[in-house]
Every structure is written in structure tokens, then in C-alpha cells.
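Several structures are given next for inspection.
In what comes next, chain A is part of two complexes: it sits with chain B in the first one and with chain C in the second one.
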Partner chain A sequence: MRLSIAQQFSDAPWGRYPTDGDFCGENFREKLLWPALQSNEQVVVDLDGVEGFGSSFLDEAFGGIVAHGYLTGPQLKQKLKIQTTNPDFDLYVRAIQRYIDDASYGSKKLTPA
Partner chain B sequence: MNLPERLTFAHNCASTLRALGLVREAGEKRLLLRYLNFDGLRAVSPAAALLLASEVDQWNRTSQGRLRASHETWDPNVTKLLCEMGFFELLGIARPPDLAATTSTRFLPFIRGEVHADRHNAGERAKQLNQAIASAAAGADIKRHLLFTGLSEAITNVSHHAYPTRWKMRPWWMFAAYDSARNLVTVVFLDHGQTIPGTLPAWKDLERLRERFGVWNDGAKIRAAMELGRTGTGNLGRGKGLPDLLEIIKAHSGSMLRILSRRGMLTVENRGTEALQMTSTSLARQLKGTLIEWKFVPKLRTDETVDRAAIL
Partner chain C sequence: MGSGITQLGQFLWHITPALVIVLGGGFLVNRFFVRKANLGLLVDRIATQLEVLSSDCAEYWCSDQSELGEKAVILEAKLKARILHLHSLLRVVEKKYATTHRSGNEFANQILDLQQACTGGDFEVAERAADRKQFMKAVTAIHKLNTAILEKKL
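Presenting the complex of A and B:
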């Protein structure tokens, strides 16, 4: 399954929590990424077409899968592929890998809005 | 109230903070402040201009009536900056039909946002400023994604840390300018919140840094927040997103990031060497809030003919 952040979520995502804004990392994780990971063997997340990313968004969206205990880091890396045709976005690909590696499994609980 | 001859943090920081602090004080104490005299003002930097605009913007929202000013006797370059950035609208005065300015800088209208109230489109606003910068600097290769990274994280930091939830108004502002003669982009982000030094938690890792810095003034605190964010240790909160502010600086040799917060200033320079140069200092006057300023020289697109007339 392929998820385009720009086409299916926002081309200007920002922030960590819904209190920051609708197009935050938590909303992307809960509404798109985690449902996609649950129902598919492989999920390709396409970064193209987005204005850019802040670390809060990426950490919450991707590291949050591990931090909330949905999957372990190795499980997530097996199922998830990050795709971009933009060489400028390589730093975001590396950042996502780092946030997944750094996340502590099950360290966070989702707070209902 | 008279403004000093130069409003700039690089060369006249104490007087700039003093003058603009008085405008804030007048608003907070509901003092009668009727007239701003710009006649002696000969130079104003984009960062100081945004702070001035933010103070007047807040004054307008908290006080009855409106500040008066008359631009006929102002310096032409100062008039151009204030006119283009949207300051005339704040003062409720008509824009002059012609600007006799000689500056090669184009100033973009400043953007105001509000924490939480602006939750649907803060990212859109950062994108909007990005697009305006790219349009103003049409011949330059602007790394828009890195600017967005810095601006969106600055907004997130304000959203999480700058204002207590009990504060009624939790504004932020951003502003940009492009000097075509020097091919220099300036981007400024500002809030009126509790400042970085004021929101650093008491934390044992901070104490270790305190020993390392020797001096523990507000400049050192901003630097500590930046360094803790870079190392990614612990759960500092405010410091976590600060390294994102550096991305645009890392990508441009000869660039600079300046952060003023309370009585501290941190300057980060990319001098083309491997490591970024960080300098933290203590300020004689305080800024009630946090101001972030990026200055960078983008690469010019050599394969395109730039219509300078269209830019200016």
C-alpha cells in the first residue's frame, strides 16, 4: 500500500499533537499510518510534494508507532518503506530512521482529545 | 515617544530593546501613548522592524484608540520597509503613492498567527511565507523545505512552550526580506512568550552544562537548550525542536542564525568551516519573548535570466 502525505493528508504538515493543528504527526499516525500498517504487509510512505517537515511531526508520526507500543522498531522497519524522488528530502528519510531507532517501545500512552 | 536613530540588534541592541520595551510597557500598563516619532530613525533592520510591528499590533489589540504617526518626514528607506511589511495598516495611515527609497531590499508583508486559534492553517502560513520568499528571490535557489522545517518547528515550539494556557493572547509573527543587491534572505520569527531561559526546566543535565559553560546567563541557557536538543538527550521539551532551526544555516556558507530571548542572545554562524560557530552573550536589556532571525545567501540560478525590474 502507498500513502502520499501530500495527497492524502497535507502538503504543509506540522506540529506534534492535535492541539498544535489538524495536520500534526499524531493525526497522521492515528488516522492514516497505523491503520495502513495494521491492514497491509508493506506500507510505502511517499514524502514528495510536501513543503517540508519539522522534527516534531516526523518523530510523533513515525517514532510514535514504536513509542505507543504498536510495533517494535524492527517490526516497523520491516513493514515500512519511505520513498522520495527529491534528493533534498534525504535528510527527512534519515531523520525518520533515527526517530524509529531512538523511540522507546511502549513509553507513551495516547491521551484522548 | 521618540525612536532612536538605529533600530538594529546587530549594532544598537540595548537602545533598540529599550525603545521597543517602552512600547510594550505602555501597552501592559495601559499608559497613554499617543504618538510614535520616527523622524530621527535612519535605519531599521528587518528583525527590529518585526519587533516594532508586533508591539504596535499588540498595543492596538489591548488599548483603546490607535497610535498616531505621520510618515511625511520619515527616512525614505525606513518608510519603504514599514510600508511594505504592512506597518501602515497597523497605524491606520494611508500608504504613500510613491516610495523614494534607494534600498535594494524587498520586504514581504508580515504574518501574524495565534497559538491554537490558528491550528488549521499555521503550516499553510509558513508555506505562504516560503512561497513569497521564493517569488521575491526568483533568481535564487531557495531551500524552501529547510525554511519550512525551521518555521514549522518554531511555531510548534511556541505552541508547546512559549505561553501559559491562561494567557488570553498567544500570538506569533513572521516576516521576511530579500536584498537583491546582496542576494541576502532574512527571515524573522517572534513570539511574546515566557522565553527560552524562562521555560528551561530544572534538570540535572542542564546542571552539567552549567558547569561546562562556567557562566550561566541567559545566553548560555539558550545555547544549552540548543545543545541539548542537538544531542537528543533526555526530554527537554523546549530544546528538542531547536536544532531544526539550524538546518537552513548548515546548508548555506556565510549564513547566520540569531536568537534573542529574555536577556540572552545566541549567534550561530556558518563560516564555511566544518563546525558551526556558536556565540552566546548576555544582554543589558531584556526582550520579553523570543526572536529568531535567519540570514542566508542562497545560490543563484545561473541558467535563468533574472528580471531584476520585476523583483523590485
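Presenting the complex of A and C:
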């Protein structure tokens, strides 16, 4: 399955929590990424078309899958592929890998809004 | 006709050493001076961008979100865009002036640390309080990258 952040979520993703705005990392993770990971063997996330990302968004969206105990780092890396045609966005691809590696499994609990 | 070819041959015979010296000299000047000067200009540009980034980080991380108001949104956009621009400048340095053993990946970790420090933590969080610890992380990452890029110039 292919998930385009710009087309299916927002071309200007912003912030970490829903209190920061609708297009935050937590909403992306809970509404798009985690459901896609649950129902597909492989999920390709396309970064193209987005203006830019803050680390807070990327950490919450991708590292959050591990931190909330949905999948372990190796499981997530096996299922997830990050794609971009923009050579500058290579920075974000490496950042996502790092947030997944750095996240501590099950260290966070999601508090319902 | 035959003497014309002979004359041309003699002319080339005489001019070839001078041509080789001029072309070789041009190559050496470009290899060691122009190339170095261009790298210097690129490094200076990166250093300037890092200074501005440091100043924007100071303003952003040392103020509460409520103090900054709408300006926070502008600073957030500027920080993200400047880091992306820096990444793209560093890629040019890595591509054009790569050192043999780590070519193409020299600044990968530094720019990643910088991105994490400048736009991590409570970046873009609505109820953000001033965070001097995050500012310290950002400044440290900026200075590390600044040192690494200046080393490249020397």
C-alpha cells in the first residue's frame, strides 16, 4: 500500500499533538499510518509534495509507532518503506530511520482526547 | 601543397610545447586555486546560514509560544526551510569536494543532529514554554557542523 502524505494527509504537516493542529504527527500516525500498517504487509510512505517536516512531526508519527508499543523497531522497519524523489528529502528519510531506532518500545501511552 | 603541409607540421611542432604548458598550467590553477576558492565561498555561505539559524533558534527556543504569537509560525517555517537549504548546500560540498574515504556522506550525522536539535522536542507545539535546554542542544549541533565545515576549507 502506498501512502502519500501530501495527497492523503497534508502538504504542510505540522506539530506533534492534536492540540497543535489537525495535521499533526499523532493524527497522521493514528488515522493513516497505523491503520495502514495493520492491514498491509508493506506500506510505502511517499514524502514528495510536502513543504518540509519538523522533527517533532516525524518523531511522533514514526517513532510513535514504536514508543506506543504498536510494533517493535525491527518489525516497523520491515513493513515500512519511505520514498521520495527529492534528493533534499533524503534528510527526512534518515531522520525517520533514526527516530524509529531511538524510540523505546512501549514507553508512551496514548491518552484519549 | 606539400610545402604547406610541411610548414603546418613545423608550426605545430613549435607550438605544441607551449600549448601543453598553457593547458597544464590552466588545469593546475583550476585544480588547486579556483577550486579551493570556490569551496571557500561555499563554506562561507554555509557559515552565514548557520549564524542566522543560530539566531532564529535563540529567538524561538528562548521564548514562550505565547510571547512569540504569530511570529512563532514564521520562525518555525524559517527554521525548517533553512535546515533543508543547509542540507542541500552540504550535499554540493560532499559531491564536489568529497574526500576519498567518506565521500558523499561526510556531514550526514551532523545535519541530522542539527535537524533533530533545532526542530525536535516541543517544536510546533501549541502550548510550548521556553526551552533553554533545547536551545543549548541546537547551538551545540550548529557549532559542531560549523567546525566540521570550516575544517573542510582549511
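Please note the rule applied: the second predicted complex is superposed on the first by the 113 of 113 C-alpha atoms of A that agree within 3 Å, B and C clash if a C-alpha of one lies under 4 Å from a C-alpha of the other, contacts with A are read in each partner's own complex, and residues count from 1 in each chain.
The criterion applied here is as follows: contacts are C-beta pairs under 8 Å (C-beta built on N, C-alpha and C of every residue); 3 or more make two chains touch, one makes a residue touch a chain.
Just so it is clear, the model here is predicted, and its values are computed rather than measured.
If you put the two complexes together on chain A, you find that chain B and chain C bump into each other.
Applying the stated contact rule after C-alpha superposition, one finds that A:72 touches neither chain B nor chain C.
By the document's definition of touching, of the two partners only chain C reaches A:94; chain B does not. In the superposition on chain A, A:8 contacts neither chain B nor chain C. With both structures placed on the common chain, the touch criterion links A:84 to neither chain B nor chain C.
The superposed model places chain B right into chain C at 58-66; the other stretches listed in 4-12, 22-30, 58-66 or 94-102 stay free of clashes. Chain A residues 14-16, 19-21, 51-57, 88, 91 lie at the interface with chain B in one structure and with chain C in the other. Of all the residues in chain A, the ones that touch chain B in their complex are 10-16, 19-23, 50-57, 86, 88-89, 91, 102.
By the touch criterion given at the top, residues 116, 118-124, 126-127, 130, 143-149, 152-153, 155-156, 159-160, 232, 240-241, 243-244, 247 of chain B touch chain A in their complex. If you check the complex, the residues on chain A that touch chain C are 14-17, 19-21, 24, 51-57, 59, 87-88, 90-91, 94-95, 98. Listing the residues of chain C that touch chain A in their complex gives 76-77, 79-81, 83-84, 87-88, 91, 108, 111-112, 115-116, 118-127.
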